[in-house]
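Next come two complexes built around chain A: one with chain B, the other with chain C.
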Partner chain A sequence: MKVTVKYFGAIAEQAGLHEEAIELSEIGTSLGDLKTHCIQKYQLDDDALQIAINQQIGTVNTLNDGDEIAFLPPFAGG
Partner chain B sequence: MSEKKKPKKVFVSGSISPEKIATSIANHQVKTNIGAHSIFLGQVRADEIDGKTVTAIDYSAYEEMAEQKFYEIREAAFDQFDLTCMHIYHSLGEVKSGEICLFIFTSSAHRKEAIEACNFLVEEIKAKVPIFGKELFEDETHQWKVNR
Partner chain C sequence: MTPTDKRYRRQIQLPEVGTQGQEKLRSAKVLIVGMGGLGCPAAQYLTAAGVGTLGLMDHDRVDETNLHRQILYGNSDVGMWKVEAAKKALNRLNPETHFICYKEGLSLDNALDSIKQYDLVVDGTDNFQTKYLINDACIKTGKPWVYASIYKYEGQLSVFNYQNGPSYRCLFPKAPRKDISCQATGVIGVLSGILGTYQATEALKVILGIGNALSGKLKIIHTLTMQEQLISFNRNDLIIQETKDNPLKLEALKCELRDSENTYLDVRESHEQPKPSNSTINIPLSELMERYAEVPKEPNVHVFCQSGIRSKQAIAFLKDHGYENLINVEGGIETLLK
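On to the complex of A and B.
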């Protein structure tokens, strides 16, 4: 099972990339597992981090094949 | 009666010119059921941070999600306020200090609805739309902007 992970703004800068595909069988299938994996892998600052699954910020914790997960730093529009 | 418009593209490349704003105002003169416009313009501030001055902000966004959020916010505003029309433009890419990066334009028969809708849109956009701002300094260093 594979998901696409996207990084934005300061988080993309910390990760050193904007997008990657991650195979979940190696790390676990919950959002919590993926979050922990990515934060540790890139030493991400998770103070004000928000995560969207398929463009929705919410309470879903189970991931499915093909999901798009976005790591979003604080918003700065306007 | 409010006229619901199809979602238009919000993002523009670079700054929003004063001419675009003037043209937008002029285009509404034929809509004579309008009695009040409210306009919000966001301008890039030359903040001084640790002795360095912000010369520009480089905006980026999670564009697919941002367009969806803009659509939801527009629909909520049309539901909540009696508007004749509404326009939202936001910059992507580099906008120099002193230039305009956000243009919100609401029109209604009366002032109260136009003003309240405009305020609603500004607050919703700042809170809910995934847009990111890299503040560039004159010495080519940068820091990431956070909305207060």
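On to the complex of A and C.
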């Protein structure tokens, strides 16, 4: 089971990429599992980090094949 | 159509606008908080569109490093108050718009009173603390606001508190610990033009009541890839009710000081940010005369403020009162952060 993870803002710089496919079989299928995996893999700053699944925040926790996950840090520049 | 409507003819021609829409624009009052990269283009298009009253708020003066993205300003404006330079340029663009200038930032003292006088707020700020303050004040006064933020090549856009829609706190409930500013990271000039123009678009839609305002949705634009995302999120009734019930407050931005074994004396005023999570002794310079006896006599007390100037004054004052154990933190709190 594979999902696509997209990184935004400073998170994309910390990860060193904007997008990747991640195989979930060894990680777990909850959003929390994936979040922990990515944060540890790239030492991401998870301060106030918001996450969307299939362009929606905060409604589902279980991941499915083909889901698109977005890591959205707030930023405040103007 | 009156003779002065000639300038608006091309938008009055649009069936969704018409003379009635133009009248709505004429009677509309919009407050722009922050006249920088976002606020300038938003102000330009709102002025040109014939918005009747524009409040321009900024505590800063035009700096040369602003000019690559704040293209309302020119070389001769460097050193001028932003709101005055903006008013001068915008007046030339459309003398029919009435401008109200605020040479100050949005604060706990002025937020509710100023926002109350407008129909909606455009957020041109560059820090989390003011964004949360706009959000909370707009919830309390029942005003919608148009949010944008930029980071290097990437921008975010949304409309908050619009017709019972979600707020900034529904999207980002937890305030980040620290700010990342354009000053620190750099930013491509056109990005603020794109986002500020989008903000003007949303403001016009809200005033005119046409189309679908970007409420409950976060638009993300990346100018290097030209990829866009539209993320949906829901209203959190609990968070909004809490904001309504509690007094207006400033989000404390926390930070951690290096060398935590040191004894620190913070002589900044109580509202100043960021707040160290380390234990420090806080005596604002303005209260030092009455409270200097609280300063510890132990060796090597490190005294800091925002930039190193007030801490120096504090040390000079304390020296006259027998304190020889103080070390000034040159460069202020920034130099102490982990």
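Assume the second predicted complex is superposed on the first by the 73 of 78 C-alpha atoms of A that agree within 3 Å, B and C clash if a C-alpha of one lies under 4 Å from a C-alpha of the other, contacts with A are read in each partner's own complex, and residues count from 1 in each chain.
Just so it is clear, a residue touches a chain if its C-beta (ideal position, glycine included) is under 8 Å from a C-beta of that chain, and two chains touch if they have at least 3 such contacts.
Since we're looking at a predicted model, the values are computed, not measured.
The larger set of touched chain A residues comes from C, when the choice is between chain B and chain C. In the superposition on chain A, A:Q40 makes contact with neither chain B nor chain C. Contacts of A:T62 after superposition on the shared chain: neither chain B nor chain C is touched.
In the overlay built on the shared chain, the residue A:A48 is in contact with chain B and with chain C. When the two complexes are overlaid on their common chain A, residue A:A70 makes contact with chain B and with chain C alike. In the superposition on chain A, the residues of chain A contacting both chain B and chain C are 6, 8-10, 48, 52, 55, 70, 72-78. Interface residues of chain A, counted against chain B in their complex, comprise 6, 8-10, 13, 48, 52, 55, 70, 72-78.
Contact residues on chain B toward chain A in their complex (touch as defined above): 42, 57, 59-62, 64-65, 68, 90, 101-102, 122, 125-134, 144-147.
Considering their complex, residues 34, 36-39, 123-128, 131, 148-151, 154, 156, 171-172, 174-182, 185, 187, 192, 218, 220, 222, 225, 229-234 of chain C touch chain A. Taken together, the chain A residues at the contact with chain C in this complex read 6, 8-10, 18, 47-48, 50, 52, 55-59, 70, 72-78.
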